[in-house]
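In this document, chain identifiers A, B, C and D correspond to the written order of the chains, with residue numbering beginning at 1 in each.
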């Protein structure tokens, strides 16, 4: 699912260059926000995949409620290519604010569903491995809790400056990758 | 397969906003039926995936006939993005009835194939695990049998009111998720 | 891979209805060749999936040459959605013959690659399980050998009548499913 | 992921024929660069899949840094359908040079990420199987190191002749398949 959503992102870049005018080199240069948006969303979905993997490694069994929470999470992730395209197409025009807000609220919703699935699984050890390491479990809880707030803050910045908001989305992904690479295992 | 069909649903939302006119915020608001249709179909395909999983957990071995019945079932599920798009685009216009009927009959056909695969596998325990719990098996039979009739009823409502029909499709999915979450395991 | 190629087929139906004119009910009825082509290709890809599964169950190990033969086979299968769309769009117009030929030669090429992978794997038992049943192995050989010739014959019929050719493609799939269901295991 | 990127390539061929004018047979003949580009990219992605498989077979465990390097690699591979389409559409027109450069630099970036993931995993045996065969490990290192340079050379040829550059991309894939089939195992 993560792989499919990430791979579909390239269709957005396709659509951008097909709609352009002028010689090919100019068009390829002109759509640089599409490349950035592609990379941002690809890496963001990649981070979600790594995190989902980490959650699943702590889990022992599933139940119906957990499966439905997961469907909600996947619904958000599969939605990501849509606001990504909005940002790529509109960040330099009138729709910049609407596009940044659409992207941001999708991220907020995704982060909320990440917390929902994790809390449902981990509260009172409901679905965890019997030998789950309490340090890892509380580490995951600490890592996921601020997610929705961080994305909400970056999203609200779009009311002042959509460009600054998108730069913040980029920074969140970059900092996450750098920080995990230095301190994660 | 379920994951791919569900992920393709976002392409419908893409197509809707690309074809619109006016400023981006208005367009994003105007296509709200697309979001609803995306969520409805995503959750419906998610429910099918959970159910298919439940069936497969009871099954011990497969044969050619079972595989072909499964291909028929998957053919219906992979078809879902098409009537979903019809509903999203036409529910507010002249084609509302045709769109609701197309969606409904796709669901009826899917529910029929669910029953076919399950009855073929479970009748006289043909493909079941030797230790399959008879209570689970008869529970699944009771759960799947009314499916085609429920969807047929909701589909026929479209002749009176396509909007009511779509609301019923939504209710079926919501009630299923809530009921499974409360009583399922 | 089989699942992805099969699921992409629905995009062809999407494209057909989007391009039409008139009221939605008429358009949905008018594109009936698209539904038939969708079902034909879905079932054909499904049959290939079942056969690929059967081959893989006989195989013990792989080598580079076998993997590259498989890439060739998958290249053909992933190509199927393209001629399927040609047939759906053009079978009632001037391009009927070209569309049927494109579909047919894709099937011939796929059947040839099926034979190549199987012969490479099975000749002198090269990659087979040590305990592979000789009856199953020679049964697979007998089943695959006529494939390219049957499809070639159905394809050449397109020079006389493209419609008859497409009916033959449908018959090949239907007969295969019925015959496997009655005599396969 | 490899399978999805490869399967999406057929959408490019679809788009090419839909945009053409004239009778279907002429259009199908006229877009021959699309078929060649489809086959080239499909086989190239197939080769990457085989290589990724070979790397993974040597690896014992993963860490966060390795996962992120893999996300970078997959980002490049999922990007391939885009420059493939550029080459197919523009190799006979004004944009030939830009298209060949886009394709080539995508390949250079992919080859660099292949080296990054492999060196991170293999240096001082960091993530390797304890019983990894040193001959296989150094063989992989020798095989991957020249990759970026070979693709860079073929890419730079596009400044003199885009067509020659594309022929070189084809030759690289063909030689790789033939050489692996003869000497690989």
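Methods note: contacts are C-beta pairs under 8 Å (C-beta built on N, C-alpha and C of every residue); 3 or more make two chains touch, one makes a residue touch a chain.
Keep in mind the model is a prediction, meaning the values are calculated, not measured.
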Mean-CA-position distance for chain C and chain A (Å): 38
Inter-chain centre distance, chain A versus chain D - centres from mean C-alpha coordinates, in Å: 27
Residues within chain B bordering two or more other chains: 4, 11
Graph class of chain-chain contacts, one of line, ring, star, complete, other: ring
Chain-chain contacts as defined at top: A-B, A-D, B-C, C-D
Residues on chain A engaged by chain D in the complex (per definition of touch): 3-4, 6-7, 9-11, 13-14, 17-18, 23-25, 28, 38-39, 42-43, 46-47, 49-50, 177, 180-181, 184-185
Complex contacts: residues of chain A adjacent to chain B: 1, 4-5, 8, 11-12, 15, 63-65, 67-68, 71, 74-75, 78-79, 81-82, 85-86, 90, 94-95, 97-99, 102
